[in-house]
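Structure first, then comments.
Note that the chains take the letters A, B, C, D, E, F and G in the order they are written out, and that residue 1 is the start of every chain.
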Amino acid sequence: MEDILHHQSSQFDEELGRLRSDVLRMGGLVENQVATAIEAYGACDPRAIEETIARDQDINALEKQIDDESAQLIARRQPTAVDLRLVFGIIKIVTDLERIGDEAKKIAKGVRRICDAGSNPTQFAPSIRQLAKAVMIMTRESLDAFARLDSALAQKVIVDDDGVDAEYKEILHRLVTDMIDDNTTIGLAMDIIWIARAVERIGDHAKNVAEHVIFIVDGRDVRHNAYQID
Amino acid sequence: MPNTTQERLKAEARGLNFFYNGGIQALKNINMPIYDNRVTALIGPSGCGKSTYLRSFNRMHDLYPGNRYEGEIRFYPDDTNLLAPEVDPIEVRMRVGMVFQKPNPFPKSIYENVAYGLRVRGERNRRMLDDKVEHALRGAALWDEVKDRLQDLASNLSGGQQQRLCIARALATDPELLLFDEPTSALDPIATGAIEELVHELKKRVTILIVTHNMQQAARVSDYTAYMFLGEMIEFGKTDEIFIKPKDRRTEDYITGRMG
Amino acid sequence: AQVVKVDGSSTVYPITEAVAEDFQKAKKNAVKVTVGISGTGGGFKKFCRGEIDVSDASRPILKAEMEACKQAGIQYYELPVAFDAITVVVNPKSFLKDISVEQLKAMWEPVAQGKVSKWNQINPAWPDAPIKLFGPGADSGTFDYFTEAVVGKAKSSRGDYTASEDDNVLVQGISRDVNAIGYFGYAYYAENTGKLKALPVIEKAGKAGVAPSEKTVLDGSYQPLSRPIFIYVNAKSYEKPEVKEFVEYYMKEGAKLSKEVKYVPLPAKAYTVNLEHIAKKKLGTVFGGNAEVGVTIEALQKREGSL
Amino acid sequence: MKPLTTEEIRAVIARGKLKDTLFKALGILCLAFGLLVIVALILDMAIKGADRFTLDFFLNFASRRATQAGILSAWVGSLLVMFVTALAAVPLGVAAGVYLEEYAPRNWMTQVIEINIANLAAVPSIVYGLLALGIFVYQFGFGQSILSAGLTLALLILPIIIVATREAIRAIPAMIREGSMAVGATRWQTCRYHIIPYAMPGILTGVIIGLARAIGETAPIITIGALTFIAFLPPAPLTALPDGGTAGLFDWVMAPFTVMPIQIFNWTSRPDPAFEINAAAAGFVLMAMVLAMNALAIWLRYRMRKNIKW
Amino acid sequence: MQTVSSTTGVQISNTGSGYISARLSHNAMRHWNERLIETVLFLAAALSVLTTLGIVYILVSESIHFFARISIVDFLTDTQWTPLFDDAHFGIMVLVSGTLVSSLVALLVAIPVGTTIAIYLSEFAGSRVREIAKPILELLGGIPTIVYGYFALLVVTPILQWALPNLPGFSLLSAGFVMGIMIVPYIASLSEDAMRAVPMSLREGAYAMGSSRLYTAIHVVIPAALSGLAASYVLAVSRAVGETMILAVAAGMQPNLTWNPMEPAATITSYIVQVALGDLPHGSIGYQTIFAAGLTLLLITLMFNIVGQWLRAKYKENY
Amino acid sequence: MEDILHHQSSQFDEELGRLRSDVLRMGGLVENQVATAIEAYGACDPRAIEETIARDQDINALEKQIDDESAQLIARRQPTAVDLRLVFGIIKIVTDLERIGDEAKKIAKGVRRICDAGSNPTQFAPSIRQLAKAVMIMTRESLDAFARLDSALAQKVIVDDDGVDAEYKEILHRLVTDMIDDNTTIGLAMDIIWIARAVERIGDHAKNVAEHVIFIVDGRDVRHNAYQID
Amino acid sequence: MPNTTQERLKAEARGLNFFYNGGIQALKNINMPIYDNRVTALIGPSGCGKSTYLRSFNRMHDLYPGNRYEGEIRFYPDDTNLLAPEVDPIEVRMRVGMVFQKPNPFPKSIYENVAYGLRVRGERNRRMLDDKVEHALRGAALWDEVKDRLQDLASNLSGGQQQRLCIARALATDPELLLFDEPTSALDPIATGAIEELVHELKKRVTILIVTHNMQQAARVSDYTAYMFLGEMIEFGKTDEIFIKPKDRRTEDYITGRMG
């Protein structure tokens, strides 16, 4: 599918290319941010925490920039068919990526609270790191799917999300149980719950990205078709 | 949005081939339905045969010697073959109207331009003519602008008005199918907008087949779009689908500007 | 180069052309002769401007032209070269056998215009058929001479007749209309005797009709319609040897050649008299600027010329 | 108001087709009539003049004997006069046309000139003769020469060439002119490289029509003094003259001359019917000359047109 | 680098400097050349005006002498034209009537026939027929008019007489008829050009409405080509009015005030040529009449042309 | 600003109008859904709960339909300037509206759990109803701002969100405190927390909608300019 | 994206008024900068004066009598006023090239078309001509397509090639400013794409002012856009801004098709 985007009008190509690479750059930042957030979670590393939080600015700025470029591209180029789907998908994807960034920031902030309270997040719920790993893979794969316009990979991400959701539910259940067991840790547990929740949301957004990729590549709108999590 | 399953056929090309005088085959085995009361757009690169195809519907090629048709264009509801040698081209033209790329009003008054087709049909009754002229001009959304100067020369109208006059001229004789060959390529964006709006109005009454170089125009005005390439019909489908999700790679390449 | 320039009347042209042709041959092309046709009037115009050596004229030089020549200091010799017998012709199928000057006058005089239109108005014995008149244009010498001779006053004619500068046109007209009558130069009749009938002209009541022919003209019996035609020679040019030789050749061969082109030659003596006149520097015209009819060559050649 | 039935439509069509057929017949009739006349005229001349189509006819001078009379000085004279005419009229006409279309301001003056030129086209040719007699023959002292005749006929056909040139220039799209000026060409460069070359086919049409008209003219040439009998040719450039000298390059333009139509005119008005044969033969030759000129120009025009399209 | 006051912070380009002076040196010469050429071209155009002035001068200077002797009222109102006769009358209307009648006859022949041929060639005939027929037809315009004159006299008149037994041997009718044939190609050829120039799109528009060929030709092509047709008619009128020899030979040269084409009559042109080449002394009153007649003709054609110009302006179509 | 959208091309108008009214319809559904969710919260009304949950389907379907229409409109009409901003804004707004719907559904599910457990949510945190009211107003006003293309009203929504966020934090704090005080109610408290959180998110999305309205009307991208909540 | 603060001026209209022969004022007090090495687009409804304005830059109006300029067009770097009477229009045209709406190649060979501007300047050296012709054709992205048939008639090229040839013709004389008056309105979408791409390339070397009826084209190819209406310059700004967020209500109405 890649070569389909080679345009007769090389300037259009250039602009489309720029837009896509901006999205990938944003994706890279987001991925990285998620990674540092998880890293922070594991290690209470203040540098990682701050970096995660700070990076959100860049991501926000990129979101605005990409939206602006997309609008320009629509105004200038009247994209149709695959081009239109690409721009349309990008407009949607960017929102999800930004939201992933937000969630990563939430994770970092949660970690900071936990660490500031003198605890180490990992001890509470090592399984969250598991979950985070899975979500990170989803994020990476959704971005890969976008980069390669690979709808099969995107499909895989969507399927993967079901596993993440299930795992999250389990984690949540355990945490609540723990809380009930030990209400001295409630404050901490709440923070952990928020973190778990954020990780789960990242998975959801990655899945959204994957859905948009499928729309871009195949023109199918697969949203809300599978059962939904809540 | 129209739904294919509910559509009635107005015409249908079946295995249509066309050869120009020199023997050049400009149309290759075209099969395509034209649905009643729908706008069908023909798009494709320059020289792909859009005009040739369009002009087959009113036997315009018969004006020049040596051209040859093969296959059929079935016309409904009476299910005649427009291309059959025994069918009189003049009769075909009376049923199938045409509007050309450049507005081509006759060097007569506005009134006479619209009345032309009726006069050709032998209509002499002045009251009847007046009525039909008004009706056609209204249909072409031109009445209000010209009603006070029906006797002015048509060439004094603006380009957009002239093109609407040509549409009125075609409408006056109640054609069943209206052919447009790049009807707005000579017009500025404002006049173009008016014509597109008019096409949208007209389809309530008449079936329309429109050739355009402007993909966006095809997307805007049509219910169905056909993509032609090198004399062949590559893809035919609902406009909504063609412009968001064409089935054929060549169609996609063309509408996204990837074909050079 | 040695060129003799001749211009003027179309009536005289055939004779001058014949002379020029033979003269050039005789001179082995050492002398060149050119002959133009711009009408007697046009010819005199050029003649009096000194542009040509010899002017062909179907009528004598007129006052105004004499004046113009005088102004330009052009002196000239007037040399009659042949007779043109103005011939009255009708369709071969015409009932007419001859015609008198009286009758011609009744047909052609100005008062006849619009009134005399039937043959029986001239002579009750003649049929009740329209008269179709044909004649040369009023700008021609033939017309002048005919009116003078028939009506009695030059240029005095009815106007409602078919005129043509081209006598062949008249030939055509008359030959296709039984009721036609017309007049023109003898040569056109002579070449078309099959298509036309020449009427003997009765000069006066009682006289017999005289048909035009070389004999009747030469013996002076074809009256009053035989007229002399002329060449005018510029006196200064005559001093040039080639012009002199040309004129001498003209006088020597004139009789033979005018006959060949169907004109009536002058009596042989007249040509020698012409040369004598030149030798005697007898300049000018003998007509004094007016046309005359019925004058014999002998009488003319006796007169004194004036410039 | 209901649409016509198929039967009614068919009746209308049938009526229209009948009228088409009738008109077509009429058109063919008219065309055939025109062609018939021209073919008849030419054939008639050819048949009548058949006896005279010998080499001698072309190589002999005029003579009082019909069978010996030829058209040497006439056709040579016609050619030379046409040469001068073309040489004068074409540049002048084209220049005037170019000036009026490309330089002259559009105002009432131009209108007046336009009417003036159209009017000149209708002035009887003899009036040109009278004009030329006064100007070329006497005023300029060209005398009764090929030069005077050529210039006279040039004046006569000037309006035709001007009109043809202007029409041809008008057919050149403004965008060609603007395209040239837009790269910095001057007006004259634009005219020289574009306007005149592209107008050439149209100009040629004007030249064809004009020369065809000029070659048949009699009256004005007689007025300025063309001859009827002339038994010698104008001196060819650089040949020996009888008087020992050598003819100059352009001596011939000042020579006395005659032309074909004068010869024909003279022959038709001769008493001797034998000359009618000569006249017919000469008429045929004149037609051939017109045709040859036409053919050349038609061919040139065709070749040029092929290369010009916009 | 220079800063421009109007737009702050905006700098100007510094590429391409040094072009100017080098180019300016060319200017003076170029101007001279252009001026010179324009002058030359102007002179060429002025020549047509000069010609007219010359013609007017020649005609007027002689006419003045004429009108000094003949009152202009007589000239216009007298019903006889016998200037060369003893009993001289100078009623120019006699010649004008002949001129107008013969021209009218010619146009009545040439316009319908020419236009029909033009329509046929342009709208009905195949290209082969057109390409061959047109140049042949154009030859009609190149035949020496003297030949036409005899054609009228010897061929056409007898044929007409067969249909109209009262027709005299010389008549405006047969001369005009032949003149009409002569100018057919002017109309057929130029009108056909004009019709060809009507864009195919107009024709297609008409055919697309279901109209027949003839209907299309009459109702669409002709109106669109009207200015071209008018131009061809004007040219044809000019040619007819100015034609000489045919009339001199076949019309009878009879100064006859008549509007009946069945009669012989003289026209202005035939009169002029006859006198100019005749035996009349130059400078005589008779000779001067041709200038007065010529002037009259000039004014008549001027009138035609002004009307023609006006018509053309009026019917100028822009399709 | 309203009349600016009256197009010379009435068909374009029609399509734009259809798009806008679809968005407003979706907004209406969403608003209603939020209302029924809150109603359910107050009354444990099973009908309201089920209705809220069921309605999400319609909203999802509308989201897809509007996205499809937007893509069509871009392909067909090459919108520029205000039209482009409108379509662009709608594409973004729809995502937020759908998300609001999701949150409403979450609220309903939370309420169901609480009610199923035999409790009445209101008793736990009456202040949540306060918050919900505020958020509903924000939602309504953001939609009004869109309907009227009223950027001043949109601005107000954005400002209001700060209040909602502050209140939410307070509620959350109280709930956690309550939990610590009484760990028997932890399960219930968690559900309440999720509900509060959902309500807060609705406010955020309403604010997003308002931001898009400002972009549509003024062409200014005001996202991420104010400080952000997390 | 270009940044205004860094732009250099190539030309600037100052208080420009223009009157056609009849006295019609077609331009009203136009003030507008043209930035160096940028593409500036002129848009506006039919008859608003776009072409009139454009043609003022190479004094095309001087070709027709009675037209009158007021105000100045300053041209940099030498800061001359293009409209000054003492400035030779021919010199102006040598510095300011122009490409027209319809491709207007001269009916001569491809080579001669390109060499024309040089010949006009008196260049006769064949080697020099060859070099420059090749260079210009390369610049117009046409060299590869025509290098083997430089002596062919230009009219045998396709529409798009012809238009590129006209660009090459203008380029051959190294203009500093290139004017395009609706250069693609006669072309099909594929040729149009090629020309737009070329414009994008060209701006590296030359400043471009382009009139277009196609708003999307203006949006695509230009860095700056000016909106004209009834002879006035309503808005001038960066293209990015004009098409997303125009300042003037009239501009917005026009580009969104609300003006009729």
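As a convention for this text, a residue touches a chain if its C-beta (ideal position, glycine included) is under 8 Å from a C-beta of that chain, and two chains touch if they have at least 3 such contacts.
Treat the numbers as computed from the prediction; the structure is a model and nothing was measured.
Peer 1: Touching both subunit B and subunit C: give me those chains, sorted by label.
Peer 2: Common contact partners of subunit B and subunit C, which must touch each of the two, are D, E.
Peer 1: With one step meaning two chains touch, work out the least steps from subunit D to subunit G.
Peer 2: 1
Peer 1: State the chain with the largest centre-to-centre distance from subunit F, centres being mean CA positions.
Peer 2: When every chain centre is compared against subunit F, the largest gap points to C.
Peer 1: For subunit C and subunit F, what's the span in angstrom between their mean Cα positions?
Peer 2: 125
Peer 1: Could you put a whole-Å number on the gap between the CA centroids of subunit A and subunit B?
Peer 2: 51
Peer 1: Roughly how far is subunit B from subunit F, going centre to centre by Cα mean, in whole Å?
Peer 2: Roughly 48 Å separates the two chain centres.
Peer 1: How big is the gap, in whole Å, between where the Cα atoms of subunit C centre and where those of subunit D centre?
Peer 2: Subunit C and subunit D have C-alpha centres separated by 37 Å.
Peer 1: Using the touch rule from the top of the page, what residues of subunit C touch 2 or more other chains?
Peer 2: 10, 37-38, 42, 166
Peer 1: Mind pulling the subunit E residues that touch 2 or more other chains?
Peer 2: Touching at least two other chains: 30, 210-212, 215, 276-277.
Peer 1: For subunit D, jot down the residues that touch at least 2 other chains.
Peer 2: 13, 16-17, 186, 222-223, 268
Peer 1: Within the complex, which stretch of subunit B touches subunit D?
Peer 2: 88, 90-91, 94, 120-122, 128, 131-132, 174
Peer 1: Which residues of subunit A touch subunit G in their complex?
Peer 2: Interface residues on the subunit A side: 8-11, 68, 71-72, 75-78.
Peer 1: Provide the residue numbers of subunit C that touch subunit E in the complex, in ascending order.
Peer 2: 9-10, 37-42, 44-45, 57-59, 62, 64-65, 68, 110, 132, 137-141, 143-144, 147, 153-157, 159-166, 169, 172-173, 176-177, 180
Peer 1: What residues of subunit D sit close enough to touch subunit B in their complex?
Peer 2: Subunit D reaches subunit B through residues 1, 3-4, 6, 9-10, 12-13, 15-17.
Peer 1: Mind listing the subunit B positions that touch subunit E in their complex?
Peer 2: Going through subunit B, the ones touching subunit E are 58, 60, 63, 65, 90-91, 93-94, 97-98, 100-102, 104-108, 116-117, 119-121, 153, 155, 166, 169-170, 173.
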